[in-house]
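Some structures to go through are shown next.
Paired with subunit B in one complex and with subunit C in the other, subunit A is shared by the two complexes that follow.
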Partner chain A sequence: MIRLNLKKTLQSAGGKMVLDLQLNIKKGEFVTLFGESGAGKTSTLRMLSGLLRPDSGTIEVGEATWFSSQENIDLKPQQRKVGYVFQDYALFPNMNVRQNLEYALQKNQDSAKIEELLEFAELGELQQRKPETLSGGQKQRVALARALVQRPEILILDEPLSALDLKMRIKLQEYLLKVHKKYKLTTILVSHDIAEIVKLSDSVFELQNGSVIKKGAATDFFGLNRTSAKFRFSGEVLKIQREDVLYVISVLIGNDIIRVVSDPKEAELLEIGDRVFVASKAFNPIIQKI
Partner chain B sequence: MSIVFVTTDSGEELMSVVIDTPESAPYLKSGNKVNVLFKETEVAVSSQKELNISLENRIAGIITHIEVGVLLSRLMLETKIGEVIAIISTMSVGQMGLVEKMNVMIMVKLNEIILAP
Partner chain C sequence: MDWQPLVLTFKLAVVTTAILFVVSIPIANWLSSTKSKIRPVLETLVSMPLVLPPTVLGFYMLVAFSPENALGNWLNEYLGIKLIFSFGGLVVASVIYSLPFMVQPIQAGLSSLPSTLKEASYTMGKSKMTTLLKILLPNIKPSLLTGIVLSFAHTVGEFGVVLMIGGNMPGKTKVASIAIYDEVEALNYAAANSYSLILFSVTFVILLLVYLTNGGYFKRFAQ
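The block that comes next holds the complex of A and B.
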């Protein structure tokens, strides 16, 4: 179990915010922190990894105390078994793939781990390449492999896939799940993509103004189980168009744009960019072989 | 698969067919409260009270407002289960002579009813 009990005054874009957070994460779980920008998600993860010092509180991981303001304990980032993957990869541009991984090795650590990770991440053929010559998906695989060099117990993924196109995202989502299982990690993801969250995580914590306001199992959290409708997808509203007495709403689902007719009463509640569910009964769709 | 009978607060009975069974979906239990959803475009309107037709859900209503479009029209109806909107063709509105304050039956096929626990 990871137990966070933290207080920290933060300067955010909207002024001062007091982060006051109690968060318990089970070992081996894949959890997501969800919430608006500035809710305190990244600050929480930076405190867990030792990059930001809380004003007060405790961080306990299993039997170990990583931080305690009362007992004056504050482990250095390199003493905490945390791997951190950022949205912008944060690779060293002057080093090739292998060197980026080797840089993360601790003194006296066996370099066999590098071979294993290069192989697992399918980076063997790319090991001499510099980051600038790699695609976004390849860079993120390097960043992920580097985060695993020190055999972390906790893997932190701060919007790791949001810069990638959908096809690559889906591929890397599967890869993240594989990594989580293979290395028996406790993984903490920050993501805004509901489909991604539901696919990857066991449970979700929603943060608002520095506190947890809601938590639950991923599928229950977004109300996915709350109707008998079996044909359901989440997507983003692209267009809202009046047609006769109705509206036609265009929704981006995965790579496809679908169109749904909507009564004005419901269409009035929608705005372009809104995340929506589209649902229908299993009895309605037709199915044809392509 | 199950056919679920729902009694509304006003005492009307509605029927829905769902893929779930009481084993796969624990909310399917006698006495459990559910919300009933159906799409406005799936509502059929009849001016005759008794019809020999396989539309299982039937509720009496009064047309309170008609918005006539070029192809489709939007009928607002007052029924025992509350306000219902029906989207039907403007052609049908004309053929059936539907006007405001008229008493009609609204009908929905049982596979169009979504249950939300």
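The block that comes next holds the complex of A and C.
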């Protein structure tokens, strides 16, 4: 169990923000932090990994206390068993792929781990390449493999897939799931992509202005259980057009734009830019604001 | 021609640059990462030699290191070091005088690296020292080279500070820039020209090499 109880005044783009949140994460869970930019997601991860010092509160991981303002405990990032995959990957430009992984080896650690991870991440052929020559997806795999070298208990993924195209995202999502299970990690992901969240995580915490405003199991979270739909996609409303008594709503799903018929009552609730689900029971599609 | 002033100039430049390299890395590292309130004060002090007339710096050092004063007296009595009119004094003065030329490029280089590089290294359990030596410094090689060359060239061109604190003692403190001044005073233009031409050529070649290296011309040529 990871128990976070954090208070921190942050200087964000919109002025001062007080982050004040309690989070409990079960061991072995895949958890997503969801919310607008500037809600405090990355700051929370940085405080958990020791890169940012909370003003007050506690961080407990299992039996150990990593931070406690009352008892004056503050473990350095070096002492916390956290694998951190940064949004910009943070690969060391002066080292090739293999050296990047080797750098992460701990004292007296067996280098067999490197071979295992190079193979698992399908990086064998790339191991002599410098980061600057790799594609986004390849860099991502290196960053992930590197974070796993030190056998962390907690894996932190800060929007790891946001810079990749859809095809690569889907491939790497499966890869993340495999990693999470194989190494029995507690994984904390920051993501904005609802499909990705539903696919990967067990539970979701929504952050707004530095507080948790909603939490739940991933499938319940976005109201997926409210309809007994046969298939379901999430997307963004691009256009709402009136045609006689009906409305035609254009929704962007992945890279496709689909058009859904909606009655005026439902259409009135929607605005351009809303995130929606498009679902269908057998033949009649349902469109619903989320 | 007397080669001694030239030898002395380059000896001074090499020693000064070596000391500066070792001293400046921790200073630049601290300045690039600290949020301390005294940072602007320290940055100002480091940059002062850029704007201060060298004679001001030389004058205060002359006063401070003089055996008549507490610091100079203490250095002389307890450590047996005499910094006035000696090569040691020239080195100390040059280190202070060329400090910004080494600190500023290194500081700029370190600041330009994404902070996630450092943080990634910390989360892997690596100390600040290991991170500095294995991650940060190897990724700012052009800045290190710029710092080394600028401080070397600046020390070669030093005049005012040297004259104030070192005087003009052949073999000890008479560097090339002062020799040139001496020769002109004696209306010995040919000798002055020889010294000047050598300094001109050497500094031109050194700077050219830096621009070629940092601009990647050699790499392109090698391909």
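Please note the rule applied: the second predicted complex is superposed on the first by the 259 of 290 C-alpha atoms of A that agree within 3 Å, B and C clash if a C-alpha of one lies under 4 Å from a C-alpha of the other, contacts with A are read in each partner's own complex, and residues count from 1 in each chain.
Keep this in mind: a residue touches a chain if its C-beta (ideal position, glycine included) is under 8 Å from a C-beta of that chain, and two chains touch if they have at least 3 such contacts.
Computed from a prediction, not measured in an experiment: that's the story for all the values here.
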{"item": "Which superposed partner A:M1 touches (first subunit B, second subunit C, both, neither)", "value": "neither"}
{"item": "Which of subunit B and subunit C A:V245 touches, first, second, both or neither", "value": "first"}
{"item": "Touched partner set for A:A279, first subunit B, second subunit C, both or neither", "value": "first"}
{"item": "First, second, both or neither for A:K265, with subunit B first and subunit C second", "value": "first"}
{"item": "Which superposed partner A:I257 touches (first subunit B, second subunit C, both, neither)", "value": "neither"}
{"item": "Per-residue contact with subunit A, leading partner among subunit C and subunit B", "value": "C"}
{"item": "Shared subunit A surface residues [contacts with subunit B and with subunit C]", "value": "none"}
{"item": "Touching residues (chain side subunit B, partner subunit A) in the complex", "value": "16-20, 25, 37, 40-41, 67-74, 85, 87, 111-112, 114-117"}
{"item": "Subunit C - residues contacting subunit A, complex", "value": "114, 116-117, 119-127, 134-135, 138-139"}
{"item": "Subunit C partner contacts - residues on subunit A that touch it in the complex", "value": "49-51, 76-80, 82-84, 86-88, 90, 92-94, 103-104, 106, 146-147, 149-150"}
{"item": "Interfacial residue positions of subunit A with respect to subunit B in the complex", "value": "226-230, 244-246, 261, 263-265, 279, 281-284"}
